[in-house]
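Chain nomenclature is as follows: A, B and C, assigned in order of appearance, with residue numbering initiated at 1 for each chain independently.
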Amino acid sequence: MTSESLAARRTVARGLGVIALGLAGLAAVYVLALGHTPVERFQGLPQKIFYVHVPAAWSALLAFSLVGIAGALYLWLRDPRLDLFAESTAEAGLVFSVVMLTTGPLWGKPVWGTWWTWDARLTLTLMLFFLFLGYRALRGALQDPSERARFSAVVGILGMVLVPFVHLSVYLFRTLHPQPIVLKPSSPSLPWEMLRTLLLSVGVYTVLLFGFVMTRYGLGRLERAGGADDAG
Amino acid sequence: MGDFLRVAIAVAAKDLRVERRSKTALVSAMAFAALVLMIFNFARDAAALSREMLAPSALWITFAFSGVIALNRSFALEREHGALDGLLLAPVSRGALFFGKYLANLTFVLTVEAVALPLFVLFFGVDLSGALGGIVVTAILATAGFVAVGTVFAAMTVRTRFAELMLPLLVLPFLLPPVIGGVQITARLLAGRPMSEIAGWLRILALYDLVFVTLCLLLFPSLMDE
Amino acid sequence: MSSPRLSTPLAEPPLLQAAALTRRFGSARALAGVDLTVGPGECHLVAGPNGAGKSTLLRLLAGLARPSSGTVLLEGRPLAAEPFTRRAVGLLSHQSHLYDDLTSAENLEFAARLYGLPDPAAAARAGLASAGLSDRADDPVRRLSRGMVQRVAIARALLHGPRVLLLDEPFTGLDPQSAARVAALLEAQRGLGRGLVLVSHEVHESWKLATHSHLLVRGAWAVTGPKNGTLDDFLRRYREVLDG
């Protein structure tokens, strides 16, 4: 076993550890949200989905921004590790957006009476989902590693710049065509208990993202090291 | 700067000349646009949804999809006999090559739209008086942006096996702002709404164009640089 | 007191100078530190097995690909610095770089425009004349025979008078008559003081033209330098390296 694959395995192990930590944190968040956070006066219990949805959408968005930035850095520095990082982060982001898009409606149906709503968060996450999917599909369709890295970087950068435009367009679209707002955004002065839970949740999701990326990165390194072993 | 434009125009002229010879792509795209418009007419509950209500959406979805279809040929023609290498060998900047491709694609897509618009008026019984100028400007503005992105993606997907599928998959998210803006503006123009309601959307379209044309111009060389 | 430097005439830089060319991605390496210097009137044969990195080398020299490290200088100017430097190089590959739907004249005129030639139409006519295809000027390339397409392709590659000619398998798939014509043309180019880099895995036809012989194996030179010895010597060395 080469030193490269040893280092890769260590990364995977560490990544899994971070994920475990994140999952524990997630459990803590649920306990906190359901047991120790005040119920919102007007929306009631269903409002607590807020603590799951906002951070999940945030993770997907963070992931995509990282993909874009890693892409830009790759085009500048041409370091293949940046490409692997982008690939890993994109996959993690895809997972997060899928989780968010599936649990949202599952939770939403009994509570809101509808499977889907075009609220800003869901819409943005749906679009990120398609961008992640497209990113992955393009990578899968390109054989040459240098080409794959360059092309993915360009897609990542363009996608990252697209996000604010879509967000703006959708927002304007919605303000002109108000739809039943099932989830009010946080009120101007969020009570400390709610803010605390929200921040913890955001932190946990970020840790989870970090863990996923690390694990996937390690697996990627292992695969590439294995490939080199076979060839050398 | 002079060289940049000279090369871009030469490339664009070459693309358009090739297209004029074979004609297949242009005619297919126009036929596609006509078919989409036709389908829209029937793909509605006539009792609940009038043609007027559906009109702006129908127009812009037709523009968007026909545009994407038309973009595929852009780099497909460079695959034959390694023509792309012939372009890259020349002592010209990659940016100029991109701009030439972009201009050709823009001309191409705008031509398809120019054919689709009268058909739209015909099929949907729309009264364009007063709105025609605004719709034309909006169409140019919206198209200018997404053709830039489409040109970049066409350059990428032509190297993949399922280019005809990959290109729409990648480009469609980028069509959201131009299409949303296009529909909003068209609906308001047809309803005779005041300019103040439209200005905001026009600004978004213009910003989109500026940002993405510049970005695509800057990123294209990295695609070509092995 | 005269300084020794003043009495030395200004040396012209070699036509092409590649130093320490490397091309890799991650741990995979296509080229590992290749040097090559081409002077006027020289013809460098680059032979080697498939996958040795010959096409990669050519693409790097043509400016179609970027090296991971190392430099390419054309007439003393770095290839990567600006597009204009590529004017010194021409590439003749097994692909014609022509558009089927355009006529030979239109193809050459387009190339002339790309290369910034002052009178593109005249350059195109001259190119067609030298290829002996003036009478087929207005035929779409699609309708030309393979041999004619090759002649137009050659005219296209030479249109701007490149001082360095890169050739990728120029004899592959050609009948003996066409091959002989190409060989004569390349010899003429050499006579004009141009520098040639000829990549071929078929060594036999290229040997006569070559002034330098190189063997590229797994991204590095196994043999390099001026041609010495006979073709048999070279082939023997080729076999040794492959077996070893």
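Quick note on the criterion: contacts are C-beta pairs under 8 Å (C-beta built on N, C-alpha and C of every residue); 3 or more make two chains touch, one makes a residue touch a chain.
Given the structure is predicted, the values throughout are model-derived calculations rather than measurements.
Enquirer: Which of the two pairs, B-C or A-C, is linked by more C-beta contacts?
Expert: B-C
Enquirer: Could you tell me which chain lies farthest from chain B when each chain's centre is the average position of its Cα atoms?
Expert: C
Enquirer: Find me the chain with the mean Cα position closest to the mean of all the protein Cα atoms on display.
Expert: B
Enquirer: Taking the mean of the C-alpha atoms as each chain's centre, how many Å separate chain A from chain B?
Expert: Using C-alpha averages as centres, the distance is 31 Å.
Enquirer: In angstrom, rounded to a whole number, how far apart do the mean CA points of chain B and chain C lie?
Expert: Distance between chain centres: 39 Å.
Enquirer: Round to the nearest whole Å and give the separation of the Cα centres of chain A and chain C.
Expert: Whole-Å distance between the two chain centres: 49.
Enquirer: Going by the contact rule already set, what residues in chain B reach two or more other chains?
Expert: Correct list: 225-226.
Enquirer: At least two partner chains per residue is the criterion; list those residues in chain A.
Expert: 146 - these are the residues of chain A that touch more than one other chain.
Enquirer: What does chain A use to touch chain B in their complex?
Expert: Touching chain B: residues 75, 127, 130-131, 133-134, 137-138, 141-142, 146-147, 150-151, 153-155, 157-159, 161-162, 165-166, 168-170, 172-173, 176 of chain A.
Enquirer: Given the complex with chain B, which residues does chain C contribute to the contact?
Expert: Residues of chain C touching chain B: 59, 62-66, 83-87, 89-91, 93, 95-102, 106, 110-111, 113-116, 140, 156.
Enquirer: Can you list the chain C residues touching chain A in their complex?
Expert: Touch list, chain C to chain A: 25-28, 68.
Enquirer: Using the touch definition from the top, list the residues of chain A that touch chain C in their complex.
Expert: 78, 80, 145-146, 149, 224-225, 227-228, 231-232
Enquirer: In the complex of these two chains, what residues of chain B are touching chain A?
Expert: So the residues of chain B in touch with chain A come to 149, 152-153, 156-157, 159-162, 166, 169-170, 172-174, 176-177, 180-181, 184, 200-201, 204, 207-208, 211-212, 215-216, 219, 222-223, 225-226.
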